[in-house]
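One structure is given here, and the rest of the page talks about it.
So that you can tell them apart, the chains are marked A, B, C and D in the order they are listed, and the count of residues begins at 1 in each.
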Amino acid sequence: MGIMGTGFMAHLLKLEKITMDEEKLGFACDYMKGAHPNIMKAMTETNMISTVGYGKDEISERARERVRKVCGCPKAAVEFLVGGTQTNAVVIDAFLRPYQGVIAAETGHIGCHEAGAIEFGGHKVLTLKQKDGKISPEQVERYLEDFYNDESFEHMVMPGMVYLSQPTEYGTLYTKEQLQAFRRVCDAYHIPLYVDGARLAYALACPENDVSLKDMASLCDAFYIGGTKCGAMFGEAVVIPDPNAVPYFFTIIKQHGALLAKGRLLGLQFDELFKDDLYLRIGQPAIKAADQIREALQEKGYQMIYPSFTNQSFCVMENEKLQRFGDKVSYSFWEKYDDSHTVIRLATDWAAAEEETQALIDVIRKLA
Amino acid sequence: MGIMGTGFMAHLLKLEKITMDEEKLGFACDYMKGAHPNIMKAMTETNMISTVGYGKDEISERARERVRKVCGCPKAAVEFLVGGTQTNAVVIDAFLRPYQGVIAAETGHIGCHEAGAIEFGGHKVLTLKQKDGKISPEQVERYLEDFYNDESFEHMVMPGMVYLSQPTEYGTLYTKEQLQAFRRVCDAYHIPLYVDGARLAYALACPENDVSLKDMASLCDAFYIGGTKCGAMFGEAVVIPDPNAVPYFFTIIKQHGALLAKGRLLGLQFDELFKDDLYLRIGQPAIKAADQIREALQEKGYQMIYPSFTNQSFCVMENEKLQRFGDKVSYSFWEKYDDSHTVIRLATDWAAAEEETQALIDVIRKLA
Amino acid sequence: MGIMGTGFMAHLLKLEKITMDEEKLGFACDYMKGAHPNIMKAMTETNMISTVGYGKDEISERARERVRKVCGCPKAAVEFLVGGTQTNAVVIDAFLRPYQGVIAAETGHIGCHEAGAIEFGGHKVLTLKQKDGKISPEQVERYLEDFYNDESFEHMVMPGMVYLSQPTEYGTLYTKEQLQAFRRVCDAYHIPLYVDGARLAYALACPENDVSLKDMASLCDAFYIGGTKCGAMFGEAVVIPDPNAVPYFFTIIKQHGALLAKGRLLGLQFDELFKDDLYLRIGQPAIKAADQIREALQEKGYQMIYPSFTNQSFCVMENEKLQRFGDKVSYSFWEKYDDSHTVIRLATDWAAAEEETQALIDVIRKLA
Amino acid sequence: MGIMGTGFMAHLLKLEKITMDEEKLGFACDYMKGAHPNIMKAMTETNMISTVGYGKDEISERARERVRKVCGCPKAAVEFLVGGTQTNAVVIDAFLRPYQGVIAAETGHIGCHEAGAIEFGGHKVLTLKQKDGKISPEQVERYLEDFYNDESFEHMVMPGMVYLSQPTEYGTLYTKEQLQAFRRVCDAYHIPLYVDGARLAYALACPENDVSLKDMASLCDAFYIGGTKCGAMFGEAVVIPDPNAVPYFFTIIKQHGALLAKGRLLGLQFDELFKDDLYLRIGQPAIKAADQIREALQEKGYQMIYPSFTNQSFCVMENEKLQRFGDKVSYSFWEKYDDSHTVIRLATDWAAAEEETQALIDVIRKLA
C-alpha cells in the first residue's frame, strides 16, 4: 500500500522564488498543502509575542478549553503533539504495561506504516483480520476470550488496549453502535479503547457518520483529533477524558522526544481549528469533492473496492489505462489487484478546489 | 537547574484577540518567540502549494544543499527534525550499538533534561564531571583507557560515542583545538563524536568562538544545527558528513515518531536560515545584548559564575535582592548558591531588542 | 496452543521425602525430567572444584571445541545460554539493527509463546502464514521482494533476519534443500538466517531428517543446539559460524541478564552431550516411542494433522473420548479442531521408557 | 573494580578427566564452586521425576512456603530466577513506570556491572555518591526533595524506586535503623524500596548484622535472597511481601527470557537452602575465614579500606608486594589506590576450608 503516489512528480522550484510547475492534478495524499488561512493569520499575528514554553502558555490552555468543550468532557487531559506516529507511540506506551500489546486491524497504521514505533516502545501489535479496514467488536471479544482461555496465556503478550482508526486507513467508518459495542468489550476486560483520528475531520464532515466528538469522548479512553491532515500545518490533539488515567503524561511526551519547545504553535493551531467549530466543517470540501470523484468513477464503471464515504476513494484500474491516467494525475498506488489491474487511492483534502476536482473528473470521463 | 523562570509570569491573552500584558522584561529563555520574519514570510507565501511529504520535496532538498555548502561537506546526509531532545535520541540511537552508551558531561542535556529519552532507546549516559559545563579530551581519553584496562569491561556499558554541546548548557565554548583533541581520542578508540548545537547560532555569532561550521563538519561524525532557539519556529538540522555512516536514517527517524509529514516546513525554515548566510549572523543581537547585560552586572559587582560569552549569562544574586529583581524581570532559576544566594540565568535571543536590553540594564543598575 | 496439558495433574510430593504419585502417563511435554545421567555424574564430580566464572573456564572451552568440531566450523563463536526464549532474544537483538524485524512463521515460538521478548528488545516479528508449522523460501523471497518494491518501505519495519525452527513447533522438518534455498534468498537480500534448535536432537535422531549439524553450520548465520528439551538440565548452545558476525556478543548476553555466573555448569552439560557424539543419538528413544505412538493412533483411525516425524505427535480426538483419555494420560491441548473435536499433542523425550510407551499404546488401543 | 582477579590463573583441566592444578589459593570471588552437598544430593535424587514446568511444580511451591515462613510474610509472592543481573532487571522493570528511574549508590551493581541491563529495559539508574558502598536515607530524602522542588522536574527522570544492596558491593551492612529510615522516606514519596541480596547469607551470618529476613520482609517492597553466591548452583529468590504489588509478574519474567523451563531446579535448591534454616547458617564459614584473614592483614599493618564484616575483605597493598602475593593467591583487583599501591579484594565463601584460610594467612604473614 502506498504512502506516496508512484505517478507523483515533485513540483519544481526554480531559482530563488518558489514556483510550482503544475503539471499534474494532485490527488496523491492529504498532507501536501500548508495550513488553513486562519492558522497562518494567527501564526503571523502572534509570531513575535513571548510565551512560556512546552504548551503551558495561555493560547494552548485556551485551545484545550475549546477541545474540552466541543468534546463535552470538561476535565479531560488534552495535549498537543506534532505528528500521528508520534502520538500513537506516546499514547500506547502511556497506557500499556510493559507486558501488554495493542489489538489492531492488520491494516492499522500502527502495525504497518510506523516503522516499528510501537515495538520500539517494547509493545507488540496484536493484529486481527480486517474487513474494509475495520475490525469488529465480536472479533475483539473472541480474541480476548480465547486469550484468557488459553492455558498458556501467561506466556503470551497480554492484550492491553484496543486501537481503532476513525475513519480507517481504508476510508471507512465505525458506527456509534459499533463503538458502543467495543466499549462494552473493553469494559468487560478492563482495557482501554483508543481511537486514532488522523483524518477525523473527514469523518465529522461526512453525512454517513453518526459518531460525534462527544460520542468519542464518552466512549473512548483516549483518542486524537488529527490536525496534520485536516487543516493544520502539523499537530494532533490527544484527548484523555479521565485526566487521572495517565499520570505524568507530560513526562512521557518529553521522554519520547515529542514535546514541542514552542508549544504554543500547536495550541494556536487547535485554537483556530476549534474557533467557531471550524474543525467540524473543515472537511466538507474534501467530502464533496470525493463524492463527485466517486460518482464519476462509478459512472465510468470502475469498481470502488471499499465502502469509503470519506476523503479517500479506492478504485480498481486497468494497468494500461492507469499509465495514461498517471500522466495527468498524481494518485497513490494502493495495491496490486491482479496481473492486469491495480487498486489506486485518490485523496482529497480540506482545501479541495472545485476546479481541480472538475479537472480530475474530466480526466476520468475522457480516459479511454 | 531551571528550564523556565520562577519569576516568570505568563503573558495574558485577553478575549479573542491575542494581546500581551508586558508586565515583565522577558529574559527567562530563548524559545519564547516565534520565527524570524523571513521564515514567516516564506511560510505564508508557500502555504498553499502542494509538495510531496516527509522532507523529500525540493524546498527541503534546496535547504540540504545550502547546509552542505556552508559546512563544506557536499555529500553529507542532512535531515531536518523537529526538536532537540528528539534529535539527540534519534542520532544517538542511530549511531550506537545496543550495548553501548554515550559519554557526556554530567550537565549535558541528554543526561539531565530529556526525561530519560536516551535510556528509552536502551542506552546509558556515561557522565563525566564537568567544569564550566565542559568536559576535556583528556578526561574522555582517561575514561576510555580505564574502561578497556578494567578486566571487567565486558560486564559494563561500552562507551560508544562522545556527546558535546556547543555552546554548552552553561554558555561556554569548546575551542577548535579542543575539538581536534576530541577527534583524536575518538579516532583512537573508533567512536563517533557528536555535537549538540541547540544554540549553535550563538556560538557562531560570538567573537570568542573559533569553531566554524566547516570545522564542525570536518571534526564531527554528526552534529546538529539548532533552529528552535536560533530563529526558527522549530527544527534542527542534523548533519552527518559521511552519508554512509548511518544506513536507513530515514527509517530510524520514522521509528522514533520524529518524521514530519509536511517535511517541507522544516526544509523551508533552514532554506531561509541559510539564505545569504543568515544563520551565521542571526545570533549577533543576542550576543550584543548579553555582553551589555554581563557588563552591567559586573559593574554592580555581581559574580558571573561561568565564563559564558554566548547568549546565556549566569550570575549570583542575593535572595532578598532577587525577589525585587523578579518583580520586574522574568529570569531563570539556575541553582541554589548558598543559603542566602541564588544562581540565575538571563537569556537573550536572536530577536533581542535594544530597548528591552536597556530596560533590563536600568533595572540592574537601580537594584539596591 | 498449549504449553502444558489441561489434563496434567502435578505429581505429588509428600512430607519431606520427594515421592511421585504416578497417577498418569506423562506425555504432556519434553521438559519434565532432569538431565541425562552422564550430566548428573559430571556435575557431582566437579561440584567442588573452583573455576573462573562466566563461561571462561576450561570445561566450557572444551565444550566449545566439541561443538565446533561436530559442526565443522573450527572458528565459530559458541556461547552457552540458559533457556530458549532468552537465547532467541539475545541472538535476534544481537543481529538486528534497531529498525529491523525478524521474519517468522505465524506459529514460530518467538511470535507466540515468548511473551513479547522480541518486542521487549524493540523488534517486530514479521509473521508469514505457515503450512505444517513451516514457511517456504519462496514465501520469504516474495515478502522481501514486495517489501523493497513497496514505495513506502522506508516507513515500514525492515525485514532483517529469517527465523526458522528445526524441528518446527509442529514437529515437522525442513529439508537440506529447503535450507539451501533459504540461504540463497538470505544471501540475495544480505540478511542472516537463524535456526531455533530447541528440539534439534529430535531432528538429528530422525531417519527422515537430512540436515546435519555441519549442514546447519554451513547454511546458517546462527543457530542454537537445544539442551533443555534434549537431555540437559538446562542450556542452549548458540553457534555463530563466523565469529566476527557479532562483536561483543558476551556483553549483549550480560545486558540481557543471560550470563550465568557459574558458566561452567552450562559448559559441562554440553561437554557431556557432545562427548562421543551423545547428542546425535540422544533423541532416538523419543523418536522410536513417537513412531510407535503414531502407528497406534493411526491404526485406530485417528487423524494425524501434521506430518511430524519427530518427538511430537498431533492427532484429532473426539472430545468425549478425550475426556476419558485424559484420565489416564497427561497430554497437551493444542487447539480446538471443531465443536466436537480437539487437536492434542503427545510428546516423548530422550528418556522415553519402553514400558511407558507401551502403557500409552494400550490406553490408545483400548479407548472406546 | 574487578570481577575476576588479575592474578587469577584458571585451574587446568587435563585429558578427559577433570582435574585441578591447585597452583594458587583461590580468594578471587565467591561463585567459583558448585552447590552445597544437600543440593547436589536432592538434584540427583529427583533427577528423573517428571514435574510440570515453569516453577509451578510442588517442589517449587514447597520452597516458596519455606521462604514465606522464614520471612514471616505468608502471602508473599516468591519467584525463583536464575541470576542476579536478571533478577534486578526483572524486578526493577516490574515496579517502575516507563518514565521512572531507580536511585542507587554510584557503586551499586545495577549501575556498574550489569552491562546496561537496566537501561535495556528503558530505565535510568540515578546514582548518588556512596560512602563505604552505602547511601544514606538522608541523601535519598534530599534527592527526592530537590527533585520535586526543581521546577523542571517534569523534564527529568522521576525517581521511582530505591535500590540498596545488603551487604553492599563493598561488604558493608545497612543497619535495621537505616532500613527503617529508608522505609520512611520511601513511604513519604510513595516509592518502593528494593534490596539486592546477592550475598545476603553473608550478612545473615555476620554477628554485626541486625537485619533479619523478617525485617527485610517488613521493610522492603521487594528483595532477593541470593543463591548463586551463597551455596546454590544458581538461583535467586525474589520476595514481594505484598503479592498484589506486581500483577502478572510471571509474564514479566517470561518476557525477560528469565523463566526457567525446568523451574523445579530452582525450587529444589531453595527448598534445600531453607530446610532446617540452612541458609541462615550457610555463610558462617565464610565469615569466620574472612575475620581471620582481616585480622592477619591488620596485624601486618595493611589498611582495610572499608568497614566490611562480611565475606569480602578489601585492603591496600604495595604494588611490588602484590606481585609476589599474586604468585600464590588468586585475588581480585579492586582499584588503583595510588601510583604505588592497589586495593585488592579477598573473598571467602560458604565452602571456605580451614586449611585454605590458614594457608592464605601464612602467605600474608610471610610476605616481606
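Quick note on the criterion: contacts are C-beta pairs under 8 Å (C-beta built on N, C-alpha and C of every residue); 3 or more make two chains touch, one makes a residue touch a chain.
Being a predicted model, the structure only gives us computed values, none of them experimental.
K.L.:
Count the C-beta contact pairs for A-B and for A-C, then tell me which is higher.
P.N.:
Pair with the higher count of C-beta contacts: A-B.
K.L.:
Would you kindly say which chain has the C-alpha centre located farthest from the C-alpha centre of chain A?
P.N.:
The most distant chain relative to chain A turns out to be D.
K.L.:
Where the centres are mean C-alpha positions, what is the separation of chain B from chain C, in Å?
P.N.:
That gives a centre separation of 51 Å.
K.L.:
Distance from the CA centroid of chain A to that of chain C, rounded to the nearest Å?
P.N.:
Roughly 42 Å separates the two chain centres.
K.L.:
Just give me the whole-number Å value for how far the CA centre of chain A lies from that of chain B.
P.N.:
Chain centres of chain A and chain B, defined by C-alpha means, are spaced 33 Å apart.
K.L.:
Touching two or more other chains, which residues of chain D qualify?
P.N.:
Residue numbers touching two or more other chains: 3-4, 98-99, 114-116, 120-122, 154-155, 251, 254-255.
K.L.:
Which positions of chain B touch chain A when the two form their complex?
P.N.:
3-4, 8, 10-13, 16, 18, 20, 26, 28-29, 31-35, 37, 40, 42-54, 56-59, 62, 82-90, 114-117, 120-121, 228-229, 233-234, 251, 254-262, 265, 275, 351
K.L.:
Quick one: in the complex, what on chain D touches chain B?
P.N.:
1-4, 6, 98-99, 101, 112-116, 119-120, 122-125, 150-152, 154-157, 333
K.L.:
Could you please specify the touching residues of chain D with respect to chain A in the complex?
P.N.:
Answer in residue numbers: 93, 97-99, 121-122, 154-155, 158, 247-248, 250-252, 254-255.
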